[in-house]
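Shared chain: chain A. Partners: chain B in the first complex, chain C in the second.
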Partner chain A sequence: MGALVMSKAITIDGKSVSFIDGQTIMDAALAAGVYIPHLCHNPEFEPHGNCKLCIVSVNGRNMTACTMPAAEDMVVASDTPELDSDRQALVQMLFVEGNHICPACEASGNCQLQAAAYYLKMLSPHFMHFYPPREVDASHPDIFLDLNRCILCELCVRASREVDGKNVFGISGRGIGTHLVVNAASGRLGDTNFAVTDKAAQVCPTGAILIKRQGYKIPIGQRTFDHKKISEVQMEPAKRTEPEHE
Partner chain B sequence: MEPHEFPHIEQQLAPVFERHGCEANQLLKILREVQEIFHFIPPAAITCVASHLGVPRTQVEGVAGFYFFLSLKSVGEYRLLFSNNVTDQMQGNPELMQYFCHKLWLESGKVSEDNLLSVDSTSCTGMCDQGPAALINGWPLTNLDRDRLDMIAALIHDKKPVCDWPSMLFEVKDNIRRAGTLLGEPFEPGAAIRATLDRGSAATLMEMEASGLRGRGGAGFSVARKWSLCRASPGDHHYIVCNADEGEPGTFKDRVLLNSYADLVCEGMTVGARIIGATQGFLYLRGEYRYLLKKLEEVLARRRVAGLLGKNILGETGFDFDIEIHLGAGSYICGEESALIESLEGKRGRPRNRPPFPVTHGYLDQPTVVDNVETLACAARIAIQGGEWFAAIGTTQSTGSKILSIAGDCARPGIYEYPFGIALHEILDDCGAEDPYAVQVSGPSGILVPSKEFGRRISFEDLPTAGAFTVFKRGRDILQIVQNFARFFAHESCGFCTPCRVGTQLQKKIVDKITHGHGTVYDLEELKHVGHIMQSMSHCGLGHTAANPVLDMLEKFPDAYEHKLKNFAFEPVFDLDGALETARKITGRDDAWAHLS
Partner chain C sequence: MNEKRKIRVATCSLAGCFGCHMSLLDIDEKLFDLLGVIEFDRTPFTDIKHCGPCDIGIVEGGVSNAENVHVLKEFRENCKVLVAIGACAITGGVPALRNNIDLWDCFQEVYLYEGGLEGNQIPNDPELPLPFDKVYPIYEVVKVDYFLPGCPPSADTIWKFLTDLIEGREPKLDYEMLHYD
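Right after this comes the complex of A and B.
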């Protein structure tokens, strides 16, 4: 890799961040240890760009950091009170759209939606709750699928397609009726070839996909986000994979 | 009958696969046919289609669940969809729908017990100048009234196939009230292609540049620029797409162009194809206009015979180009160019992440131009008469003419072509608008203009428009109009991104709350807040513009909502009386005693 290639850079919140062609703003930021809030992005999969938490202001225009290719001389603002307030509103929207009863949820403390809410200093869901009727599917021997907590990030969809090569999950409906579907005529997870060892079983940011018989193994208070911020946790994989690979 | 047993599905669908082949990008076409055969997409058909196309079942279910004209539950042999555009609403469609439901003991959105029929409402069907309108199994019904609905009820009762219904029910008029250079002058098929061949592609592109032609679909992007970018993009194939999705409520000018000026439009596509180097074009026709399909196919066939499409067009060796028509299936977002391309590829109509843009990575990731119907018609005229001629019409930044679809409170609704720069009050005089109070320019995603601004002009620099022009007279309830628009966006959000999927719902709920008399000042602030989030965080133009009518009302029409507000700062959204609705339905009561307030 020539020095010439490495010399390209963007600025994020005043900090110069180098990138190579093909990297998104998010890739460049993560590699440089600059945190941009995100929920639907996971560097292990193709970027998707639908939660919109990662929106940053690029030369004054809002752009989705996880899908926008970095380009020379972009001046990016991310850590601003305005953007964080808009991001907080997005998290609130995700909360009221589904049914998130955190105190009664097995994912509490390990949930990125919850952690993002802490990070963005969300004190209440603010908007009116939708209380949508959603399915809970316990048909699979090893996994619960609780759509009440699904935020439609499609991480499971991507993991199953890209890593497991199975396409266990997909998205149907539209608008507010958009929902996760599974690859079975019965509509039941138990009738798919989903396995607890699948990548797709490990990637859900919330408590929508839960592995059975693991409940409360780690007590509340000792879970991931009980002692770490989402920014620290989400930065870990990028830092780990980058130097170790080569 | 239990409509879920389909032992012979393979045999039943065999001819469909025969017709469309087994490529994954035929999925939408195949599902449209499945819907026609079974009146819904049964789970067995999803499995069968998935295995034939070699795609995951989830993909088929995803597409089947996305489009409004496809359904995963039975909608009956007859599906009557009342157009719910604001003009249909003013013409009495909600009452007509209620009348029809009452008469046949139906509940909207539910299929009758004998699985014969269902009634529902649908987004604007593009018949605003001849409403109230509806669709019966996808065919447009115009000028509805109780007599016609009685007739329709009888036809359904007798199980008469829709193709045998009296043709007067389906009459669609052009209503061209004012023709300019685009609509008024004669056109000889082939003339634009010949001019392009004589002049050469590069020189014709220069004419487009000189004409200043900008896209008529809304965004107003320079046509010469788009075509040059695509022409310069490397790719195995180049494509040109005519965007005939015309989904913006209140717009119906593309319907008229396709009905009576199809040659001009095809010719514009062919000129574009020559310039960008495309051999294949698509015309994406909104599902609501499927009644035009046969006529358009005939035009294409005639043009092939005349050597204007197909191989070696007009004898020019190697100039091969043909057009295929794709039908939409009830989705406003499919008018957005990247969603349209997804839909052409047989997928859910969800806007792509950009970049890359369609000019470099469009249909099948190849360089693709997407242009509006009217834009292409203009391009054909420019190819013949030159850029300078065109640039002399209109204003400096908005050259040429604009076709308006005028409807609402006016004596002469229909199609009006004006040079750009025309003032609203002149248009209102021409169409016989009596005591106009407001005009919705360019549909719900456009601008709501109050009467004191009627001196403003139709142009990219002042009031840009994709063509809708809906007139409201004094006395019309602006809040009710805005409520209609808020519902439209909530219904049509593709659901991909958080701000638009949730924001359009929040907006609808808050506007409903104010309409029902439960709103407070707090809710106005809340509308602004939600509007801001949609504008700044959404993925595509739908989300970016979905708050426009609400914000316009808040800013320019305080009279519309102030008297509706409660006097205190906040009232919870929970509506005690509303919660009794289920009980009212079950008991069949709706009298005063069945209500709390």
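Right after this comes the complex of A and C.
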């Protein structure tokens, strides 16, 4: 036999995508430049699979691409009208479960929830709004925590634990009562050792964690997703990890 | 004569800021093209007070009081196609920021505690519409056929949407025309 090494491969939307053992479907897709919509997944952290936006059909069964290990000969469908319709419904539910008032949000234009909705061509939130009562915590000198906009992606939880080694954030409650909590006796961000230079201060996909005094430095209309789709931005991993805060 | 009947259009602003109407006017000289094919029924431009039978109704703003509901229902009953324009009509928008503040607290803050008011009192004239506890998007009150997001949608976006609709196409917005801010 020759020295030919056959790499293992899965098929995504008819395209052969090679993978190495241990990679998830999402890892393999990102490496091969195949876009699968995602929101709570960030390749820098352990996958969680909680937003379900990366739902794909694997041999006819729906699974989250970010948590499903790739296995030889998997046939994956991702870019289908049915899955995009499911994804849009998920995004719509995220919109009505929080208080996402884009015109009044500093993160508008840089928000991945909004960008995912643009990508999925969401024209309205469709469902009845919950308008849940949520708190704004402005106790920290450099950072706002606005729970109205939290989508429970747990990226700040993961970043604070895995990168910053601080465990500033956690998730508490169950079901619709699930909410982000702050690791201080007072429950206030100002009473933690959270710092503006922490990774957890940079990873929020929405405007739930906002660095103070940045505001509208970059005007609406010139922001990340005003002209670029989330698919393009999320496929540039080198750029997205650059810290935006000096 | 091959004169086609003009498409009759009504517009209104409920709990909105008239920004969407300003953006509609911002199509500038294309207004002449538009007025070649449409005519206005009830709208702030004509000052007609009630909506008659129309082809298209365009509603800006959310529902924050009883009068908004009456107007919205009148539009739904009279318009073949109802369009929600702007963030407020679609999500409640900026007025919905009050949705988690008690209405009585709101009134006291604005009319009793705010400085610079003389003879502080909460307005209570029977002419004034009854305010709701929350501001609602219009699709939570009536069926809506089309949504045109933006705060406001740009003049170009409105023009694209209206020409698609008037010429019988399914309205389609390019990526850069779909905005929530």
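Methods note: the second predicted complex is superposed on the first by the 231 of 246 C-alpha atoms of A that agree within 3 Å, B and C clash if a C-alpha of one lies under 4 Å from a C-alpha of the other, contacts with A are read in each partner's own complex, and residues count from 1 in each chain.
One rule holds in what follows: contacts are C-beta pairs under 8 Å (C-beta built on N, C-alpha and C of every residue); 3 or more make two chains touch, one makes a residue touch a chain.
Source: prediction; values computed, not measured.
**Student:** Contact-wise, after the overlay, does A:P81 reach chain B, chain C, both or neither (first, second, both, neither)?
**Tutor:** After superposing on A, A:P81 lies clear of both chain B and chain C.
**Student:** Which partner does A:K121 reach: the first (chain B), the second (chain C), both, or neither?
**Tutor:** second
**Student:** Once the shared chain is lined up, is A:G165 touching chain B (first), chain C (second), both, or neither of them?
**Tutor:** neither
**Student:** Between chain B and chain C, whom does A:E97 touch in the aligned arrangement: first, second, both, or neither?
**Tutor:** So A:E97 only meets chain B here.
**Student:** Counting residues of chain A in contact, which comes out ahead: chain B or chain C?
**Tutor:** For chain A, the partner with the higher number of touched residues is B.
**Student:** Looking at A:P133, would you say it contacts chain B, chain C, both, or neither? Reply first, second, both or neither.
**Tutor:** In the superposition, A:P133 touches chain C alone.
**Student:** Looking at A:G60 after the superposition, I want to know if it touches chain B, chain C, both of them or none. Which is it: first, second, both, neither?
**Tutor:** A:G60 contacts neither chain B nor chain C.
**Student:** Quick check on the superposed pair: does A:V181 touch chain B, chain C, both, or neither? Answer first, second, both or neither.
**Tutor:** first
**Student:** Touching A:A89 in the superposition: chain B (first), chain C (second), both, neither?
**Tutor:** first
**Student:** Residue by residue on chain A, keep only those touching chain B in one complex and chain C in the other, then list them.
**Tutor:** 128
**Student:** Report the residues of chain B in contact with chain A in the complex, numbered from low to high.
**Tutor:** Interface residues on chain B, with respect to chain A: 43-44, 46-47, 56-59, 61-62, 64-66, 72, 331, 348, 353, 355, 490-499, 501-506, 509, 529, 532-533, 536-539, 573.
**Student:** Within their complex, state which residues of chain C touch chain A.
**Tutor:** Residue list for chain C touching chain A: 84, 87, 90-94, 96-97, 99-100, 134, 136-137, 139-140, 144, 146-149, 151, 173, 175-176, 178-181.
**Student:** For a test of understanding, state which residues of chain A touch chain C in their complex under the given definition.
**Tutor:** So the residues of chain A touching chain C come out as 95, 99-105, 108-109, 114, 117-118, 121, 123-126, 128-129, 131-134, 220, 226-227, 229.
**Student:** What does chain A use to touch chain B in their complex?
**Tutor:** Residues of chain A touching chain B: 47, 49-53, 55, 62, 64, 67-69, 86, 89-90, 93-94, 96-97, 127-128, 130, 152, 167-178, 181-185.
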